[in-house]
Amino acid sequence: MYQRSGACESSDFDLDLDGDTLREECGVFGIFNHPDAAAITALGLHALQHRGQEAAGIVSFDGKVFHSERKLGLVGDNFSRRSVIERLVGDSAIGHVRYSTTGETILRNVQPLFAELEGGGFAAAHNGNITNGLSLRRQLISDGAIFQSTMDSEVIVHLVARSRGKLLDRFITALKQLEGAYSFVALSNKKLIGARDPLGIRPLVLGELDGRYILASETCALDIIGARFIRDIENGEVVVISSDGIESFFPFPRQPARPCVFEYIYFARPDSIVNGRDVYQTRKAMGQQLAKEAPADVDVIVPVPDSGVPAALGYAQQIGKPYELGIIRNHYVGRTFIQPTQSVRELGVRMKHSANRSVIEGKRIVLIDDSLVRGTTSIKIVRMMREAGAKEVHFRIASPPITHPDYYGIDTPNKDNLLAATHNLQEMCEFIGADSLAFLSVDGIYKSMGYEGRDPKQPQLTDHCFTGDYPTPLTDVSSLTPPHKSLLTEAN
Amino acid sequence: MYQRSGACESSDFDLDLDGDTLREECGVFGIFNHPDAAAITALGLHALQHRGQEAAGIVSFDGKVFHSERKLGLVGDNFSRRSVIERLVGDSAIGHVRYSTTGETILRNVQPLFAELEGGGFAAAHNGNITNGLSLRRQLISDGAIFQSTMDSEVIVHLVARSRGKLLDRFITALKQLEGAYSFVALSNKKLIGARDPLGIRPLVLGELDGRYILASETCALDIIGARFIRDIENGEVVVISSDGIESFFPFPRQPARPCVFEYIYFARPDSIVNGRDVYQTRKAMGQQLAKEAPADVDVIVPVPDSGVPAALGYAQQIGKPYELGIIRNHYVGRTFIQPTQSVRELGVRMKHSANRSVIEGKRIVLIDDSLVRGTTSIKIVRMMREAGAKEVHFRIASPPITHPDYYGIDTPNKDNLLAATHNLQEMCEFIGADSLAFLSVDGIYKSMGYEGRDPKQPQLTDHCFTGDYPTPLTDVSSLTPPHKSLLTEAN
Amino acid sequence: MYQRSGACESSDFDLDLDGDTLREECGVFGIFNHPDAAAITALGLHALQHRGQEAAGIVSFDGKVFHSERKLGLVGDNFSRRSVIERLVGDSAIGHVRYSTTGETILRNVQPLFAELEGGGFAAAHNGNITNGLSLRRQLISDGAIFQSTMDSEVIVHLVARSRGKLLDRFITALKQLEGAYSFVALSNKKLIGARDPLGIRPLVLGELDGRYILASETCALDIIGARFIRDIENGEVVVISSDGIESFFPFPRQPARPCVFEYIYFARPDSIVNGRDVYQTRKAMGQQLAKEAPADVDVIVPVPDSGVPAALGYAQQIGKPYELGIIRNHYVGRTFIQPTQSVRELGVRMKHSANRSVIEGKRIVLIDDSLVRGTTSIKIVRMMREAGAKEVHFRIASPPITHPDYYGIDTPNKDNLLAATHNLQEMCEFIGADSLAFLSVDGIYKSMGYEGRDPKQPQLTDHCFTGDYPTPLTDVSSLTPPHKSLLTEAN
Amino acid sequence: MYQRSGACESSDFDLDLDGDTLREECGVFGIFNHPDAAAITALGLHALQHRGQEAAGIVSFDGKVFHSERKLGLVGDNFSRRSVIERLVGDSAIGHVRYSTTGETILRNVQPLFAELEGGGFAAAHNGNITNGLSLRRQLISDGAIFQSTMDSEVIVHLVARSRGKLLDRFITALKQLEGAYSFVALSNKKLIGARDPLGIRPLVLGELDGRYILASETCALDIIGARFIRDIENGEVVVISSDGIESFFPFPRQPARPCVFEYIYFARPDSIVNGRDVYQTRKAMGQQLAKEAPADVDVIVPVPDSGVPAALGYAQQIGKPYELGIIRNHYVGRTFIQPTQSVRELGVRMKHSANRSVIEGKRIVLIDDSLVRGTTSIKIVRMMREAGAKEVHFRIASPPITHPDYYGIDTPNKDNLLAATHNLQEMCEFIGADSLAFLSVDGIYKSMGYEGRDPKQPQLTDHCFTGDYPTPLTDVSSLTPPHKSLLTEAN
């Protein structure tokens, strides 16, 4: 913890509000042999909407033909009309919600991807990032493959297409060429396939509804349709669901799982159970641990909504001070507003957040947030608290400083824009203008999850953002040429 | 409080989820003589979006010509593009956000309304409901007036158009013919006018930014733009803002105000200050009072999000039991999903809410909600809690039973569909399937707000929904003919 | 005729191509008591689409309620879907197609206009222009009327609304206050009404289908639905169609008709019969008369498509030289193309027209057009002909020089932009760059229509564009204040 | 000619109006090294719009990156906005307009197609049809290729991607595997390539503007931008345009060209010059030859607009009888109208065509059309002429009977729906209800084009629709399995 002694001027650090959160790329869903396959998939994707709001797609199979609907925008806006669902004929379906960086969200990049293979159609969708995706893409192009999108999914579909043998063998052959993090759902004319990378970095669960199997990124997608949670797909597991039931394959050497710690800190919905662990309770425990490590002598605990809420509850329960809604969030935020003059320009953070003056004025408060990325939102929130009359504004982060970018499907800024990669604790505190600042320790994260601490020999989690310990090769990153993604731009 | 002794079957009461909330019609905003009038109005309307999500409109005046943009949908989606704001030329503007019942939200019904009067243009927008609006409309039609919309605003514009004298006199002449609840903002080629009904049922505040005056439904619309709150417009007050400054008129006999209690219970944003009273603290106090009147012997306090959150915090602080997020709300809800089969049909409530099993399972819980209208959502939430393993599910409502419909701008169902109008406490408890049910008393409401209780001779609030004590005549309701609204249908 | 002797430079006269045609505002249609009222009205409007392409609207009446659909764009794009027609329930309907100047085509300005009057709903649509419309509007505003549009139709609806007595009496009372040109169709809950101005300037015909009456601007709207043409509505006639049959009223002093000559020259479809006179044969006769008055010693007759085609056929038949398609018209013209550089900027006219080189190269040609307005298109066409190798390019116009603007519903530029108002024949010829130029004489127009010539005491046609002889008062034009149209702008 | 002697009943042959025309799939355009590449391409495509109205696309290259815009709808609607053109950065561009059968016009099927190859990006667009496209597709899929569309263009891009060597060699290697008709334009990061099939079935021309080369399907696309026509690309020629200039390759054994006769009869714009032959004059000559072969003793010659106009002019000039516009065409046709009842159902043909009664009534007329496909429109037009009072209605077709379907890019119905494939002349005449019917002879076609007649040993044209003489193998047609098109459906 850094205790700030004097006033500080906020620097001219670029205030890119939109970049000041972590965003994950995608959620997946699949169901086999259910008469309402498409409608159930739409509901499942709606429950996974927090994993990607830019686009959504569903591919169904009716026994003869595959049907596809892919749309930019929310599931609830695009897949709620009867006409859309009725076009998605069939008893099996897979679906996908997508987040992506601006400019590349064109319709061609919306999953699931479909290809006609010899032997029939094949649709696939995935969550995660293939760290040798560009290298594989280059190799495939050099072998005469044609790419229509900038999605990693297309790489694996090509690898499947170029393999020989039965579909499952081809799929496994393809998986073995991949590095990185992925959870796949795929649909052929006979099978629904799920796969999770050897370390289980991204989540994938198995559920059941009316006796039919379901795959989904999180258990909340099972809950919305009243499906029963069976189990997590294991790290390195490939499951094949067909009219013969379910089969499980482990094509990789077995090793301990290392699920991504950020699912617990930020991504997963609080009511989901990820890798057998309750997300909400884990977040509360992180807040409690944070309170033990860095208690604040304050009058009120204020969560930064909505992501800081569970940790703030835990923090408040631990130190026994009142938890109050000191910041109100506006959920009707649409596109970015224009900012015609200096007087209006400063309003950015108020579009989403406003100070609830009555619980702040004249109080010593501590703000609890789940993580700190660029710090640009934090600056504005601290200032807003002071303008609302807070006597002291302390800041506590329920996770360690993010010092390294992610390459497994989380949209982090590059290292230069990670506040903790370029500032020490004191500088960070001064940057955001708080009276004090503290982070949860790395071991604190592990303790919150019931471990004694991080096992340096065999870390239990994928935690490179805090430690730099990347659990897989980063082939594309280490290749010398800059990662060119596509030669084509297309607005849509 | 009713303590339930045995199991009950939920009836076949029609489960119209969408009708199971209270919704208010509209928020208003106005600013005079500011170079960013339209952009500021858009921001102000964005902060008032909770008062109406179906449509929004802004009229600006550039010294010569009025400019209008009216759109179906959210402010953030329609008024964020620079091109739209740039078309709204001028230093003065008024704006409006609207909620309305389905089918009549066509563009012609979106406010502000504009008319060319002798002497120049006149734009007006209002929040509330004129209880003799249809009677006035019939009289005006019989006098040769032409109506283009079904909005009450058009009635007052006609009344102004047909009056004689200076604009302010004409406006006051018009106001004097109105019954019911209203807060008006109006813009002429010289003035910005605000008016609040004689009882001050609907809110309206005065603010200031860069030395220029602002009118808005709530203080949160001042906060978003960094404006200073000056004071509430008083009940029965007409304010006229012009280049000469601000003037105040009281054309009605002075009487004590009776603001609508529902602004505190449900409508206003928690960070607003309404009639000098902090909304968030009032809601917490209602929760505390509820805990005193009807404590529940439970393990966990669970708010029904988002409206039940402050009361639940107050309730939890009062009884000293943990407050936990036992229900997770999905904020990405778009249009209603289709429901192809019985198995999917039951999912309604899960679109918005899901159970957070880890804080519910095996626990005795109490659900805190702000109000109970039809009870159809409550049924589903109680059932969801039980399915998530709650040992006991108690229900507490931080307001009294709603036994009478509103006619002042709140969209309540008719009496037959108000659960408390047709069921006694025991029946309500059995209907929603809770183990016990209790409401805040009417006096409890008043106590939460610092009164000793309701003054039956001179009630301090408009509270007819709980008491049947309507504070104004209800001319349209009591007229024998059914309230025909329009002979024209038009989809848009 | 002017014979050009030397080369001339085209001036820098502003080349506003889009303004270089005459465009009429509107076509109307109505049908009473037919089970397919809305579908038939849509078809009728489609046949009248040449009278207005910017917007279309239909109002139907189902015995209880009026239904309205009003759309920007083509009839075929907006009224072809079953769902739209099905919303227009009822056995009676009126419809309208609209042309208007840019910027004011917002949805509120699309006809038919509807108003609730005492006694029931009333919808009206009209073709033409009320020359005292603004004066009436000012008077009505001063009397407290509210206007929602800038349409003249709204004036008459207000006049009806403020009259007393039975609907027909009120309608006639209203008509008597109007000056100018109009053909009305109106629909009440009992009647379909048609009316034509005292001089019959704009057309209106009566037809019959399956024993039910129809009103339409032109006979081509009867032909498309297989209806029988009964007769023209007479000048100054009001017809009332109800379940009692049809009645005819003549509320004005009887006088000879003076239909607009431009219906024959340009507006009406060639297959229509207007005021008992076949349009196609009349146009051919104008071409023949032009050939008699101004024969050209050429190899080929080339029409400027499509409007010059019938006159060119008549011209060719008269002088016995071949008629050839020397100019090809592209019918797929959408919005205006961008013009990024000088090299591309000159392409304007080629978007719509291209030279058919094989019939032009090395030939002496005469171009036949129906009229000459600004001359800006003619410049480009002449130049295009020369670039395609024409040896000589003569120009003949099958109507007299337009020296005066119209005020009866034709969108002419103001006097300064009428080429013939500011240039003599020689100057015009040099302006457009032709080798010779000639117009049909005013008497020639009358001869083409079977008269001996124009009767100066009692002209048989409304022909002020050529003669300055406006047949009605022009109250709005002669009033000193500039014709302000609206204080409100609204994009839509 | 068949002279009809008695009355005949029109059969119940299915009246599918929309299928009663010939439609070609596509036009192409390309320009190299011009600062206005995208704008010029948009204009060129606009001039080629008659070759495909369903979709259009442009790909540009800016020296580093390719940019793509592909849209459903007209060029003028989608490529006229500055913002679209400005996104298409670069000095080189290719474009495409597309016609396709309903249901498959989804955005993924819109050309040009783009792929990243080893060595850089590659975009291609083509006009025509590959008669072994499905066979090649099956082979490629079996070799692991992934297809994203149902377009033949994708086949050739795959063939290029899988070839080795320099791009040009790869492209030629790919071409050599194709059968059928094609004109290609392709754009790499260094070159603009054009190619025409060995027989030159589909057209392609070379032009020049400001010293830069242009490729286009027809000369009318050169005219619109003021470009100079250089020459036709020869049959079997591949041209390569780069910063080094233009090079020409002939990778196939040289053989005489056999251009498609339908370009002259129907497809090409009348002002185009196709294979050195003027289209308008050729059509007129066909009409003249038709008049020699099958003169009609009539009062008036009436073209079926717009395609029958030049032949009708030629016919009229030959027999010396007046040419009159007896049928008026409505150019505002949007989507198909609904047809609610029998009384309205018969109106189909009147949506597009109406009788011009004054030139038909009491007259013996001959209708001239360019071709006869299903005959369903002809039935309605003949009936319309009789209803308009024609004394006799003769029908002459300025091309021979179509007895065989096309497989080279023209959308003909299958053989069962070609009227001339299933009816003899007498039956056809009775089917359409004409008093006489005659077609131009096959030799007559050749005579109209300056030949003595068809050379049976070495036919000068591709004319299989009349003769069954298909000039290339039809591998896909003769393969036993039905031509499956795709396993995926996707609405868009």
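Labels A, B, C and D are assigned to the chains in the order they are written; within every chain, residues are numbered from 1.
In this section, a contact is a pair of C-beta atoms (placed from the backbone, for glycine too) under 8 Å apart; a residue touches a chain by one contact, two chains touch by 3 or more.
Keep in mind that this is a model prediction, so the values were computed, not measured.
Under the contact definition stated at the top, no chain borders both subunit B and subunit C. Between subunit A and subunit B the centroid-to-centroid distance comes to 36 Å (mean Cα coordinates, whole Å). One finds 61 Å separating the Cα centroids of subunit A and subunit C. Of all residues in subunit B, none touches 2 or more other chains.
Two chains count as a pair here when they touch; such pairs are A-B, A-D, B-C, C-D.
Within the complex, the subunit C residues that touch subunit B are 59, 65-70, 87, 107-108, 114-118, 120-121, 141-142, 144-148, 154, 157-158, 161-163, 486-492.
Remark: subunit A residues 35-36, 39-40, 42-43, 46-47, 49-50, 53, 74-82, 85, 209-210, 220, 223-226, 269-271, 273, 278, 280-281, 309-310, 313, 317, 322-325, 328, 330-341, 343-344, 346-347, 350-351, 354-359 touch subunit B in the complex.
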